[in-house]
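After this come two complexes, each holding subunit A, first together with subunit B and then together with subunit C.
Our next item is the complex of A and B:
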């Protein structure tokens, strides 16, 4: 039997704003990525020193997942199905530049897009299914189909899925928690509606 | 239970440009690794599995324009072309292309080599391959470290259950680039000689490049014997992003869940195709996980010392070898194995052996704490 699935909660980080359906946690004109991420970390009063060693993609993931996990605690088997357009290109470029002198292993480890999934698994103690997809634009159908299958086959009780993109210092994050409980129906149409609501100018290349 | 049948495949590697050639070389015990002269005189030579550009171009010239595609795209296209030419009736309007790669055209980051700068995007790499053949649906790209190739196969099975397509083409491909060489070097993870998975004297990995393609189907083929994916699971260690769990937690759980999904007892597993990279930590972790799962008696091998670690291609490439091993009822000696050098017992295969294979397990693990286990079954008519 196919269960009805719902978007239990969602969060977005874009253009200086960190917000969910209920509140805005941060709204700033700050243009520098690292300063913005630090502001977010402080505003959310996170205490996780490892945060400061992470690359931008992982930091964005930590900020977004923190908001959702505070309102709805993640069970250990909550799956992570993330996607983006640029993979980890920002960190790739950083590592490429370091290759001339001293290639840094601390940077190299972040040159895989799924590292953010590993960081979130550690942060929230998730021993669960992880997949990272790359597509030129937000692919709602893929997220819905993959997440639905994981829950229907009982591979995961709930799924944290979405889009987490970072290129040229511009970020675009939309994560949502999918479960069999909630009010907002989990469908392609609804995902697109929420994603594009504030996204008249997506960051991916045009 | 949904099954995903492994119908046809091709491997483009230093060991050959077809699955048959690759199987033949492995049977002969030949390795695709060689010592590569360093590009900078001060650098150390590396031992890697590299495909000669000239060899790729010679083959590719028969089907496409050399200047229009990157090396990795040519490898990927050759692999898929080889599968498609034997399966001409495939309906492209309802056949997704699922592509696994960790770094795609990463060699273009340093110099674009005359290609458009968009070519560095993984989705653009996929689009080039898809367009070459005229697939009607946008390709699906997975980039999930060293389990990517296996995860692409898993994605085909899972999406087929929801989207109801019958066939899919799955591809895994990665290069040996200066980028990854420099990265693994910075970790001091590269072995200067052919790697020695599970051996005492192992001192790291070799890198390798390959493209592996597979035609899969939810429909059972009318053949004397066929192999299908019947159980799969991927569980994160939630422990460390660059080192495997010391207890093998994620891999142990992946194996347990995949065997449970397959609906069999772990005692039924006849053979394990391990990840076996040849690093101290990976091989030790796998030994612990196999023991925790009660699989220490099962014949196990790693072929990494024949190919090097082909990153996003490896788990798919090894699934292809696994399938043919099952059809032929043969297993290969674990490449370059000497004296067991892990803390738990393992039944490492030391010579090519003919054994009856009905169920086989494929495992893989990667950066980010990811692990994957897949159970394959052989059915006879």
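Our next item is the complex of A and C:
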């Protein structure tokens, strides 16, 4: 019999705001991505020097996962199922530009979108299933299918899943922790409802 | 040509900037401190960045990446190697 699953917690990072279901951690007019990410790091009082070496996508993942993990600790089996539209295009472009002079090894290592999953696994000590999908738009059905399957087949007790997109300096992050405990039902409809709420400019490739 | 002490300072500033050691000031790095392992805690990707830094800033091209093990021991060791091999 299939377990009923719930959205135990969610967090969004969009247009200068970092917030979850309970509170807003940062709201700023700052337009520069790196400055915004640093503000988020400081506001959340994270102490993880490696953060500063990461690309934008990984920094967004660290900030979002930090908020959720502080309220609901991750077991090492917590799976990660992420998706976005732009893959790691920002970093690809940065690396391509660096090739005109001296290619940067530190930038090169982030020229895969799933590196963010590795960074989160290191940060939270995860030894679990993870996948990163590139979709033209937010695909609630994919996230529900994959996450449900992982939990129901006992591959993972809980799943951190969602959308983490970065293109042309605009970021759109919606991560949620899925588990058999909680109050908010985990369904495609509910995922879409939360993702599109207060999100009049979702990052889609059309 | 920079004095040796100026080269030490320049190196520390470059390392902090190039390796994004944002929570560290150049003055926090001592001349003798190991750059890898228990010292500054740099990793293998940082070692590659240091190889790029040698070529970009001092015109030194390492043909064998393994040479880095002997050069990137400390700021003192790096500065000595640069003084002996720099082309710019």
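Here is the rule we use: the second predicted complex is superposed on the first by the 204 of 206 C-alpha atoms of A that agree within 3 Å, B and C clash if a C-alpha of one lies under 4 Å from a C-alpha of the other, contacts with A are read in each partner's own complex, and residues count from 1 in each chain.
Methods note: a contact is a pair of C-beta atoms (placed from the backbone, for glycine too) under 8 Å apart; a residue touches a chain by one contact, two chains touch by 3 or more.
The model shown is predicted, which means the values in this text are computed figures rather than measured ones.
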Report the partner of subunit A that touches more of its residues: subunit B or subunit C.
-> B
Please indicate which partner A:105 is in contact with in the superposed arrangement: first for subunit B, second for subunit C, both, or neither.
-> both
Who does A:119 touch here: subunit B (first), subunit C (second), both, or neither?
-> first
Just subunit B (first), just subunit C (second), both, or neither: which does A:95 touch?
-> first
Does the superposition put A:134 against subunit B (first), subunit C (second), both, or neither?
-> first
Partner chain(s) touched by A:169 [first = subunit B, second = subunit C, both, neither] | neither
Jot down the residues of subunit A that show up as touching in both complexes, subunit B in one and subunit C in the other.
-> 102-105, 109
In the complex, go through subunit B and note every residue touching subunit A.
-> 102-104, 106, 109-110, 118, 120-124, 126-127, 138, 140-145, 151, 155, 158-159, 161-163, 178-179, 182-187, 233-242, 249-250, 253, 257, 261, 366-370
Footprint of subunit B on subunit A - complex, ascending | 80, 85-87, 89, 92-93, 95-96, 99, 102-105, 108-109, 111-115, 117-119, 121-122, 124-136, 142, 145-146, 148-150, 153, 155, 205
Residues on subunit A engaged by subunit C in the complex (per definition of touch) | 38, 49, 52-53, 101-106, 109
Subunit C - residues contacting subunit A, complex | 19-24, 45-46, 48-49, 52, 55-56
